[in-house]
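We just call them A, B, C and D in the order they show up, numbering each chain from 1.
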Amino acid sequence: MSNLNIEFGKVKFKNPVITASGTFGFGREYKEIYDIDILGGISTKGITKEKRDGNTGMRIYETSSGIMNSVGLENPGVEGFLKDEIPFLEKLNTNIIVNIGGACESDYLYAIEKVSETNIDMIELNISCPNVKAGGMAFGIKTKDARQIVKSARRVTNLPLVVKLSPNAEDIVDIARACEEEGADGLSLVNTFKGLAIDIEKRKPIFENIYAGVSGPSIKPMALRMVNEVYKNTNIPIMGMGGIMNATDAIEFIMAGSTCIQVGTANFVNPRIAIDIIKGIDDFMEKEGIKSLEEIIGII
Amino acid sequence: MSNLNIEFGKVKFKNPVITASGTFGFGREYKEIYDIDILGGISTKGITKEKRDGNTGMRIYETSSGIMNSVGLENPGVEGFLKDEIPFLEKLNTNIIVNIGGACESDYLYAIEKVSETNIDMIELNISCPNVKAGGMAFGIKTKDARQIVKSARRVTNLPLVVKLSPNAEDIVDIARACEEEGADGLSLVNTFKGLAIDIEKRKPIFENIYAGVSGPSIKPMALRMVNEVYKNTNIPIMGMGGIMNATDAIEFIMAGSTCIQVGTANFVNPRIAIDIIKGIDDFMEKEGIKSLEEIIGII
Amino acid sequence: MAKILENIKVSDKIYKLVIEGKFHGEMGQFFMIRGWDDYPLLSRPLSIHDKNNESITFLYRVEGFGTNKLTQLRKGDNIKLEGPYGNGYPTVKGRIAIVGGGIGIAPLLYTAKNLKNTVKELDIYLGFTEKEYLTDEFGKYGNNLYVSVGDFITGKLEVDKYDYVFTCGPEIMMRKIVEMAKGKNVKTYVSIEKHMACGVGACLVCSCKTKNGMSRVCKDGPVYLGEDVFYE
Amino acid sequence: MAKILENIKVSDKIYKLVIEGKFHGEMGQFFMIRGWDDYPLLSRPLSIHDKNNESITFLYRVEGFGTNKLTQLRKGDNIKLEGPYGNGYPTVKGRIAIVGGGIGIAPLLYTAKNLKNTVKELDIYLGFTEKEYLTDEFGKYGNNLYVSVGDFITGKLEVDKYDYVFTCGPEIMMRKIVEMAKGKNVKTYVSIEKHMACGVGACLVCSCKTKNGMSRVCKDGPVYLGEDVFYE
């Protein structure tokens, strides 16, 4: 057993493997399947100020080596979350990252303030959800919008603040730098890529919302590149993600510059995948004589 | 046999299927395998002012459902092309599109002028090759750079001019609009996505150039979305591409807004794939009672 | 990982897949099945068709990529399955009708087998579009068995005769039954089909609007009171 | 689409794949093989190992994803192959040595078989790292057969005895031979390995720097004069 501990800024993680927002609910369901306390952390489903029903129509579609989803931030709202989920989450022995989305600045700030009264470990500011018209991606496209929301968010919370970037950003490096300047403690990337699928018999898009978010193995090469570009141009730690299916993928993300990694779509392929990934990273460190993950972060 | 004829601006195509630049050489090799005169058109390997040897190190790598390439515009230079390839191409009974890359504006213009003295059908201005430091992608990222090169190119040629856009563009719709404004006759999209792959044993990128271009099925949802966004916001015809592997994919691109489609990576999977795609489109039109492709271009 | 004991065609496009092992699971629950390594990425939900101490049986219709891949599996091949997931049909007493349409009959065999001993009366209605299959199997468990091929099985059903109707099949059929039961003293339970990703209630891609708000079909369903889901 | 007649293990990680049909092809040429539908996306280049009017044979070593998939194929399964591609070894006269290292022996059996009747003298040198295989087969065609296991086969080779050396194997071995032949009246032909996509000369991913400029290994090679490729 190697030493998998890692510090993400001031936050200690027992290992770098975090389950990604929207793919792991609030942990309850997977807790019935395995001991989720072994995880480095959990990023919750995106929380908004108000309760939301999410998108209508088809919500999931498979592509060549990925999936497209159009869930659209269905969630219990921050009040419901605090009441029904926080008590459960606070009892877990793993880092809790609350993912927050919103339609406008005041919604974001409302949710952030509320959540900041709890004992969670980190906030993940989701400025990158492509699935709701006002779901936050608007804030993740142009640097000035991202800068504004991060600046405001920084003012209302003392919790460690990670900003989740969109691969659809005009200039992801520029946005990353702006987040750093405005006081973000870290960055997580990438959220889903905006994609389209068409039913040629019906002559209509598969999704009511027309575009939907692509995740899974097919986005990995692009996600890995973005992590590396951001790593080279910023000085705050990164949570890398996008198509991580196994330990090799996870290590690629670490070598590209991630301090922690997040696992999303892979949970659907194998609900216990995070266990395999933690073990696989451990084995690799052992085999290669790596004493601490810090030795290989961004090494390429 | 349906009517597969289609007009791309003023240029008539016998069918919408074109083989994509860099995946079909100058047609010679595939001519040994099948009668390439059945194609709607051929887009040549990217031509630059001077002869180039391309990139060193590994040039190809497979990803989950795509490939990454780092060929880097190896080509005989415009003079070599005119001497050795044009005579062969001019004898073919299919539309010839010459793809042109460059390191700086004057290189582009030199090649365009030279090529404009021949009988080819169209120029495809490649401002989107991610594989050479000065391969043209620089021009495909920011609208003002794209605008400048298109403006200049438009001045030096009377040939139909199609601009090939990069999926790595900051704002692909904005660039597309600028191309239209500067007199482009059409747009082709997308070129490859910038990606990264890492050899974790060696702790090094697979490619000497670090980043390389991703193509194939894995980019399809994003490519299709970009075609649709550009279609909705411009009034010049589009050649759509990115992961087209069969007739269904091709029809999706047409319904998203493509007048013609290009087939790249699929040629490697099956050298006769273009025949299947032409036939598949034909069958679909027959089955659905579609008299002309125009009925379904951008229909979604 | 489990071993396949049998994977045989029982009718046009309909296969029976028997997997070795002792599995938990209640009537109406399902498993996420994966008869391949990488692609398709997502596993496929299949209901418990039958089950005993040595094996579990699924009945599936070939629809697309995934179910096509399933047909290629042979005795002795490995297969992955996760579950049981979902709520399943409630254990009830009284007079009950089980109504299946097409491949919707899949979860109903095990359901009939389970209810047989607890309920007072059990009638089984099976509707097929082209050809009937497995009706003999069902015959073992019902007091009466009604089969229709080509026309609507709901034509044979008098809902007032029952305290409960358990149904699974095309939405149009289930809606019809819920409508027939409206205002009468009959409770209908329907099994909802939604595309799934996680299967465990974590991703919300299978959410369905119900009278009581959004509900996860994989976790809170797939079985619902008819009036709760088909209320509009 | 062709049918597999045989796919058997002949040594550790080494398989022989026999495919039904009458195929064209010269010694040293290769086919792009595809024993799967979708993934891996690219086909895999394999050299002609042997060939007659009824079938063609390939010899492959299990390396990664693609070759692993090949091992799963059984007699009667379908397989796709495109070719023959590449230039192949030249037909020559005189005294010739054939030198194969490891799986590099694959193209050399058919080469030996072809040259046997045209050349004056044919010696065969085969080097293996751990265990020899198929040496009997080669024995049939050479005047002399030299085999080494564990040490360098080049140690046994006196290049001056020959007019030509045809070699295929690890680059380090081929380079050594080219170096040994330098300044002597011996022509060496080497077979270059590069990752390929199209296989036909259209995509330039297999380009290799030669004395005469860039060259496409799949089309202009894989066989080159040693001095043309290992010149630096």
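Throughout what follows, a residue touches a chain if its C-beta (ideal position, glycine included) is under 8 Å from a C-beta of that chain, and two chains touch if they have at least 3 such contacts.
Chain-to-protein mapping (UniProt): A, B = Dihydroorotate dehydrogenase; C, D = Dihydroorotate dehydrogenase electron transfer subunit.
Please read these numbers as outputs of a predicted model, since none were measured by experiment.
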{"item": "Chain located farthest away, centre of chain D as origin (C-alpha)", "value": "C"}
{"item": "Mean-CA-position distance for chain C and chain B (Dihydroorotate dehydrogenase) (Å)", "value": "49"}
{"item": "Distance between chain centroids, defined by C-alpha means - chain C, chain D (Å)", "value": "56"}
{"item": "Centre distance in Å when chain B (Dihydroorotate dehydrogenase) and chain D are each reduced to the mean of their C-alpha atoms", "value": "35"}
{"item": "Multi-partner residues of chain D (at least 2 other chains)", "value": "38-39"}
{"item": "Touching two or more other chains - residue numbers and ranges from chain B (Dihydroorotate dehydrogenase)", "value": "64-66, 216-217"}
{"item": "Touch-based graph of the chains, sorted into line, ring, star, complete or other", "value": "ring"}
{"item": "Full enumeration of touching chain pairs", "value": "A-B, A-C, B-D, C-D"}
{"item": "Residues of chain B (Dihydroorotate dehydrogenase) that touch chain D when the two form their complex", "value": "22-25, 28-30, 32-33, 45, 53-54, 58-62, 64-67, 69, 71, 74, 216-217, 265, 267-269, 271"}
{"item": "In the complex, chain C residues that touch chain A (Dihydroorotate dehydrogenase)", "value": "34, 38-43, 65, 80, 82, 195-207, 209, 213-214, 219"}
{"item": "Complex contacts: residues of chain C adjacent to chain D", "value": "38-39"}
{"item": "Chain B (Dihydroorotate dehydrogenase) - residues contacting chain A (Dihydroorotate dehydrogenase), complex", "value": "63-66, 68, 170-171, 193-198, 200, 203-205, 210-211, 214, 216-222, 224-225, 228, 243, 248, 251-252, 255-256, 284, 296, 299-300"}
